[in-house]
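Two complexes are shown next, each including chain A; its partner changes from chain B in the first to chain C in the second.
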Partner chain A sequence: MNREIELDHITKIEGHANLYVKVTHGKIKKVELRVVEGARYFEGLLLNRDATDAHYIASRICGVCSQAHVVGALHAIEKALGCKSTPQTEVLRELLLLGDILESHVLHLYFLALPDYYAYSSALEFANSDPKILRAALVLKQTFNRIERVLGGREVHAVTPVVGGFSKLPTQEEINGLVKDLKKVEKMVLQVPGLIGSLDLPKFSRPCEHIAISRSNGSMFFGDEIKAMRNGKVFSIEEYKRNINEYVDFTTTSKEALFLGQSFMTSALSRLNIHYAKLSPVAKKLVAGSKVKFPNDSPFANNFAQAIELVEFYYRALKLLEGLKIKQEKPIPVKPRAGHGVSATEVPRGILFHEYELNKSGSIKKCNIITPTSQNLHNIEEDVHAFLPTILDKHEAAIKLELEKLIRAYDPCISCSTHFLSLKLDRE
Partner chain B sequence: MRKIYCFGNPYVSGDTLALELADSLKVDGFEFVKCTNPAHLPLGEELFILDVVKGIKKVGLLLDLKKLEQHNTVSAHDLDLGHWLQMGENVGLIKGVKIIGLPLGIAKTEAKREVELILKGLLINKPKMGHIHYYTEKTL
Partner chain C sequence: MKAKPLVGIYALTSCSGCQVTLLGLEEKFLQLTEITEIKYFPLIKERLYDGRVDVAFIEGTVIRKEEIETLRDIRKKAKILVALGTCATFGGIASIRDFEDKAKVMTCVYPNPLFLDSVHNVRGLDCYVKVDYALRGCPIVGEEFVRFTTDLVLGKKPVVVEEPVCVECRRNKNICFLLKKKQCLGPLIYGGCNSICINEGRPCYGCRGPMKEANLDALMRLFKRYGIPFSSIRNSLTVFAGTSKRYRRGVLR
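And then the complex of A and B:
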């Protein structure tokens, strides 16, 4: 039988995308994930702008992971300008990023992924069936947003981080307040892996490559090297273009990427697959008590990985905040100069690359930004290709739902990648 | 001191009025707080909100969140103020909401005068004073 499935505007993802699938005589002939978000041209918008403005502009790429772009841009620009920020600045930047990741994981798990598994059209339906779930979602989101507001001056598009430091530091009282706020939600955070781990996830797995920052310098989020899980390669972030090849597929408005010629995944799942041994005892115990094990080849396990990261990063944020004694320091002054800088940052959906080349007056001459979703798009298509035959005997509506679950498991951020879903299934 | 949470987008023409009024309104007993995100709102209490509302003709009080347009969350961007308030009230995290609605395109001086009257009515705990316009099915 020949079929054509078209998922027109995939919902509960960030941005707009369609999926087109052609099935001929029961065989999958074509899978195309078409990003239909308008081209964003951010790399072009950044050209000729002063290097010290890059993070403000780049953060507008996304309202969900704006702080990730702030931190990624600042690190790359500081390298280009030869500026080394203070240890306190780095702790505050990590906290800002932690607030962003924690809030983004809550948003995705509770408001976008969970309703699928309860067959709800929206998280608002939890108000009648299980108000505790919705209460937890709102309280957690608010708490993690507060970290972003205290550190960055507001919840999205932070205004206080600047090249060389912070234009306004949080007060010790605000930091102590965050510690109290985080302690109040500990129980709620610890319940998330149990909730996500109890979901009846589709039984599907496909081995693929995973990459994550290697943590060779001890940092969970900012590194000098990238590690690939399957082929074991470790490469410097300066060599990212030699290993990760961005290409243009003219059926979409987003670039896609391959790692050494193969599709790959960068995500919370990738981080846990590669760094499981480094998880805290609390997080390991929660994994041990679940049906999910790491390393894991199922993209659906990414939701559980996000839930485990919620616990891991919650304690990381708490530890950093408890150890923080704010010292008054001004941003390190920088002088315009020609230079080049690359940063790699672990952000909610995987690794984010920012690269800048500056001219002698400190303006941006070249810029390249590769978001995690761009890197994951090809892998999503390959997963759809492999997953579809296992569900092809279902009704079209069921096929569409299962495919949407698969795509949403990646937590794709299409606005970021355009630089996302409707499904068309074509059967002949 | 009762807090009035003012929402808007400084970059969107017509949606800046509540933020502008936050700077210029001075009413005893009220503090005006500019908000950039619904998550900024405190939980566990009654909320007073000032915002531009599309589809109304007069400055007035909206007490029933069901009057706000309902929609599903299909993307991370749908978690807007209205949705946040509806979810919070449905699970008891928000103990009632009074939204002072500003019609799109109203003059600032007129809006300021009308808001001051509403706030004075709220202060003496007589929000149902005759001159306050309430949004109902008929008057929306």
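And then the complex of A and C:
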């Protein structure tokens, strides 16, 4: 049987992507996830710009995870400029990132992934069938948005984070307000893993490599070492390029990446696969009470991993906020200088790398940004390859839905993955 | 306008930040879904609808040539077309590349067929089709969207702020960056953002684009007097709306 399956402009993901599959005599000949978002050349846009503007421009890579790019860029730039930020700044940055991850997970779980399992066209349909679910989604989103708004000035493309600190600090009252808001939604947060864990997920698993930040300075999100689960290799983030090879596939506008020549995954699932033992007792109990176990080889388990992270990071945010006594401090002044800095950040969809090289006037000479989605693209294709034979006997529409579920489970962020500059820069 | 106008929320190449801002309206967004019928919104909804809409909001702008066709198609289907955010209005952040060395870009272009698919200059949607309204900002201001949409539903002509950022900034009692001899684009730029950046301790970067009456020359003279280097002025003018004709004279020397 020969057939071609095309998913044109897949919905409920961030950005524009198509999937093309060719099957000849029941054998899968070709799987291509084509990113059709236009290339915006972010690494090119950043060239010759002042180092202190990098995070502001990089933020525009993605409106879903803008705080992640802000924090990642600031850390790398500060390394290059030899600027060490204060402990308070680092706590506030982590909170900003937590707000982003929590909000992004809610957006993905409720608005992008969940409708598939209820056969709804969109989450708005919950308004009629199960208003409680829609209500929970909105209340949670609102609460986590508020963290970003209080710390960053607004929820998308934050204003206050700058090199050396914050242009404006939140007041202690605002912080106390956030603590109060967070406490109100505790019950709602604890219910999320139950809801996501009860979904009837496709039975599919494929062992693959997972990577996550394994050692960090202070916060678990800002790393200096990365670990691969299967291979066991641990490497410093300065060596990221030697381990993670980005390449250009001419069928898409996105770069893809391999870890030591293999496809791999970086995601909430990867973080739990590697750090399961370090979870808080509350989160562990929720896992124990579900059908999903970690480590887990099914990409569909990424949804549940996000739900568990929602609980884990919710308590982390609450703890940090409760411990905050805001000290008035100004951003640390920086002097332009030549330098080089790499950062790795755990963001909603996995590890985000930012690397900058500055010339002595402090402007950007070279930069490289690798987003989680571009690292995951190859793995998604391989999953489609392995998953498709198990569903090939279904109707066309059912096959498409199952494939969409798989792709959405990765929570791909297409704008993030289409930012590459030029072949010339790659060869350097 | 009839009782429940049909609305489509479309996106060309962009970061989705404006659409995320819409979802960030939460309860208010739900209320909007009650007074309008959102037929098309692929970020959160399957694409089951391909028909006409009363209002089309478009985030992002044309980067790939095939997006021109997509845009024209949306224009044909829509009674009112609204540019959503700075990319759709002026080209936005991606237009930075128009001010880089074109020859260098071309040498990168040749070996990669994908680059040939890109448009030469990144412009706003009005370069290709008639745009009825523009909601500026990177990202858009959620409250402005609510006000705008409600006006449309009520059959009122939507009011778009036609004052510079400085007016709102003064109202918010901020200390003027220009008085501190620092670079700020406030006097040139369309307000409507409630001077959010200055409220938060940062100068205006001009994300909403230059006003019709913007006196670029006067501000440039002031910057020069303050000893701000041209490279720094050029950088800030080109972050968001570099391709706007009103900026060109200031940017291209």
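General remarks:
Assume the second predicted complex is superposed on the first by the 416 of 428 C-alpha atoms of A that agree within 3 Å, B and C clash if a C-alpha of one lies under 4 Å from a C-alpha of the other, contacts with A are read in each partner's own complex, and residues count from 1 in each chain.
We adopt the following convention: a residue touches a chain if its C-beta (ideal position, glycine included) is under 8 Å from a C-beta of that chain, and two chains touch if they have at least 3 such contacts.
From a predicted model like this one, the values you see are computed outputs, not experimental measurements.
Aligning the two structures on chain A places chain B and chain C in clashing positions. With both structures placed on the common chain, the touch criterion links A:Arg154 to chain B and to chain C.
Within the superposed three-chain model, A:Arg49 lies in touch with chain C and out of touch with chain B [touch as defined at top].
Applying the stated contact rule after C-alpha superposition, one finds that A:Tyr41 touches chain C and leaves chain B untouched. Contacts of A:Val64 after superposition: both chain B and chain C are touched. Residue contacts after overlaying the shared chain place A:Pro131 against chain B, while chain C stays out of touching range.
In the superposition on chain A, contact of A:Arg206 is made with neither chain B nor chain C. With both structures placed on the common chain, the touch criterion links A:Lys141 to chain B and to chain C.
When both complexes are overlaid on chain A, the residue A:Leu112 reaches chain B and chain C alike.
More residues of chain A lie in touch with C than with the remaining chain of the pair chain B and chain C. Looking at the shared chain after the overlay, A:Ser122 reaches both chain B and chain C.
Among 61-69, 115-123, 133-141 or 223-231, the region of chain C with C-alpha atoms clashing against chain B is 133-141. In the superposition on chain A, the residues of chain A touched by chain B in one structure and by chain C in the other are 11-12, 14-15, 63-64, 107, 111-112, 121-124, 127, 134, 138, 141-142, 145, 154-156.
Of all the residues in chain A, the ones that touch chain C in their complex are 9, 11-12, 14-16, 36-41, 44-45, 47-50, 53, 56-57, 60-64, 66, 107, 111-112, 121-124, 127, 134, 138, 141-142, 145, 153-157, 159-160, 162, 166-168, 248, 250, 253, 415, 418, 421-425. Listing the residues of chain B that touch chain A in their complex gives 36-37, 39-41, 43, 72-77, 79, 83-84, 86-88, 90-93. Interface residues of chain A, counted against chain B in their complex, comprise 11-15, 63-64, 107-108, 111-112, 115, 121-124, 126-127, 131, 134-135, 138-139, 141-142, 145-146, 149, 154-156. Touching chain A in their complex are the following residues of chain C: 11-21, 23-24, 26-27, 30, 33, 38, 41-48, 62-64, 67, 92-94, 96-97, 100, 104-105, 107-108, 111-115, 118, 138-139, 196-197, 199-202, 205, 232, 235, 239.
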